[in-house]
């Protein structure tokens, strides 16, 4: 039997397949479900300081190009939701990484500190959510903001910090700045801002109008970003975007990723 | 019978479906083929001052996500190729728009002048080719360069000028600058830089390694860009990216486009 | 996938319930099963989970039976034109292998019956129905919408029509009397009722209940339909569950 | 789609020709037809158009017969491991409805014969072959690779084997002698030869030729395979054409 184990972020993982943030991951029971599906390390939904209800439905649709479009609106239980999930993961013997969101520097730091206090194995800073104004995307496209968020968080944390960046003109530069600022690794990429309009009713379908495109359509773009960033920095990269088979995972590994995250590939994939 | 005729750029078109630049369009016989397929207005392959051989094969592959990845390398016959194509289009009673590429301002201007001299109905400035260094992409992401190219060309031409922009962080800003500089309209969007690695041989497949992603995968991104740019400027937009059915075309029209271009949707679609 | 659907008609069935008929403009990828649901998109307004009330695989018409409780369901009633159908979601029930089914509905839980009984007829079984509502004016003649029904019992809490009391009391009675008749019991309605249905049918071969939670994405992503504290998602693992799986969280 | 293909073997057939056998690691979307071609990707090196020489739909093995002319074809011969198959490209020929076919090959034009004759056997026809090469040492026994052949004529310009002269002269002779035998003539080879084959077979029911141009994308995008001055693309409209369509541009 092939041994697929890897060691990243100081963790021994059974294999290189993690879940992507936002696919479940906001309740302890979600952790059970994710573990049952075999992910070697759990990533939570992006957590903000306060609970957020998120947008009203429709928040997610499957597109006829095989992708998904979502605008969940960062629905999450706030920092009080972290400890119960971390405990559940510990019970189940799986490391857990808390995805951290924030509207400003302070929020990123506070949520990250809470994650460390609860015993998380690491944090992943979501610097690239395309759907919520003030959360992420505006940050990720500005390399100096990326630097500041990562530095502020990494300088107060003992656990490793991942920076999750989206596809943007400056993703290579932002990646470099994140690493400089103390990120132990990068998660690349997030969804890409997009829209679907129903031609019969002439209305955008998502309640937020815009959504993030994920799944197979974005894979070639994600592969390119991972390839470029790896070639530039030889850093620890977790590839994300359109993984739905061992071949997709292998493609990311060849591009330079050490591990992959699966989001859309897992939807309805019981 | 519904009348699908539109009037754009001073042209009466039978319907709003044009071919996208780069699908044939470098020889007069290509014009025959495109006309036979029923496009209401022909767009040439991007033409540079000098002939270019382009990259060696593989230059185009179909991906398993339904998209295509190409790096043709702007193979084209140079300005001497323009007049024969324009004449053929005239013979066939179809307007023709010459797609113009350039490594610097002067080249854009010279090729555009040649297009006008040959009797083209308009030019489309390719400010967004992701595959050839120095041609396009670097320009399109810099709004002030977009402004300068469009201004220099529009100020010396009598025929209308379209600016073709790609997906980038600043596509809205670049669109505004192009319009300010005298563009009669915008073509949105070009392919998105991407990569496909064959996992068996562990090699990127295209000879250029990188390629431009086109087809259904990019449609939701293109729709979003058209929607945003239209909402901002109410400008003439020709939508491009993943059109392969009347519904896709209608979606672009609803997003704000007046017409659409079809590239990948036409491949192998005899 | 969001299947475009044209509203063909809407009909008031009683003081509380409406029935709307849609024509799907594209063939769905697979045929639905009884007790699966859809998320119906009311353009610009909402997306609401609704049981498939009936479905005709030949002309792709789909009906729902619903109560107006808020903006979304009001839009379902009042708007015309195009809607969107996301589906078919969740697990359904396969009626083959059963000869006689007892379907127990509370309120709008009656909705999935027509499609269930249609499939039952195809696989050679009969559905007996207990349908309980609060007031008699909420009832309509379910026999008009469902084929192949056996015995049909109505119960009202205002005692104006049928059995006086709630559906669970009647179920307890008839199961005690002749429970051996049913190889399958299915309950759809308020949690408290489902608990009692499960309890009453505990000796029978198979008993299932269809639950409700807050469905948002319908595809297993958002987690809002979690059946806390079970590690189960209603949109993927449900809405129907074996009584034994969920009994302890009912009521 | 690029289908990954494992090279199983390569064999030298004569002084000039090689035969390579590949196993496709994924089932192709549709089955090929005789005279269709593939673009075979030699990782990191080239992508070259090659006729499908033979194809087994049961185990997805595909063979090509080729001449080494440059880096790409050298890679095809010398490298092992994984390649990529883009295909199946162009139009093929449907042999049904024909009882006897004359296949005229010049040089590596022999490549598509095995698959053509295999399909011919299936549809109940026989293929007679004229294969011409410059020197006798270029020949190999084509009967070893193709089933169900009728008469096989070899021609060499160095007059060491078979008929002395080129394929077209022999074709002219045998068609004059007994042309009525063939309801279909197919020529594959140099343009000059194809012109003569078309001319010689002008009275017969159907005559086709398979052309070569510079194939780059293979999918109708780049236009490099244009059959100037015809508004036709070899990769979409060809490589086989009716003689009547292309006669005036041959030779």
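Labels A, B, C and D are assigned to the chains in the order they are written; within every chain, residues are numbered from 1.
The rule we apply is simple: a residue touches a chain if its C-beta (ideal position, glycine included) is under 8 Å from a C-beta of that chain, and two chains touch if they have at least 3 such contacts.
Note that this is a predicted model, so its numbers are computed, not measured.
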item: Touching both chain B and chain D (chains); value: none
item: Gap in Å, rounded to a whole number, between the CA centres of chain C and chain A; value: 37
item: Chain centre separation in whole Å, for chain D relative to chain C (CA means); value: 62
item: Rounded Å distance between chain A and chain B, as computed from the means of their C-alpha atoms; value: 34
item: Chain centre separation (chain A, chain D; CA means) in Å; value: 52
item: Overlap residues in chain B, where contacts from two or more other chains coincide; value: 63-64, 199
item: Junction residues of chain C, two or more chains touched; value: none
item: Chain contact topology (line, ring, star, complete or other); value: line
item: Set of all touching chain pairs, with the criterion as stated earlier; value: A-B, A-C, B-D
item: Complex interface listing, chain A residues touching chain B; value: 63-67, 69, 141, 168-170, 192-197, 199, 202, 204, 210, 213, 216-221, 223-224, 227, 242, 247, 250-251, 254-255
item: Interfacial residue positions of chain B with respect to chain D in the complex; value: 22-27, 29-30, 32-33, 36, 45, 54, 56-64, 68, 70, 72, 75, 198-201, 203, 205, 207, 266-270
item: Chain A contact footprint on chain C (complex, rising order); value: 1-2, 4, 6, 25, 39, 41, 43-44, 46-48, 81-84, 86, 215-224, 226, 228-233, 236-237
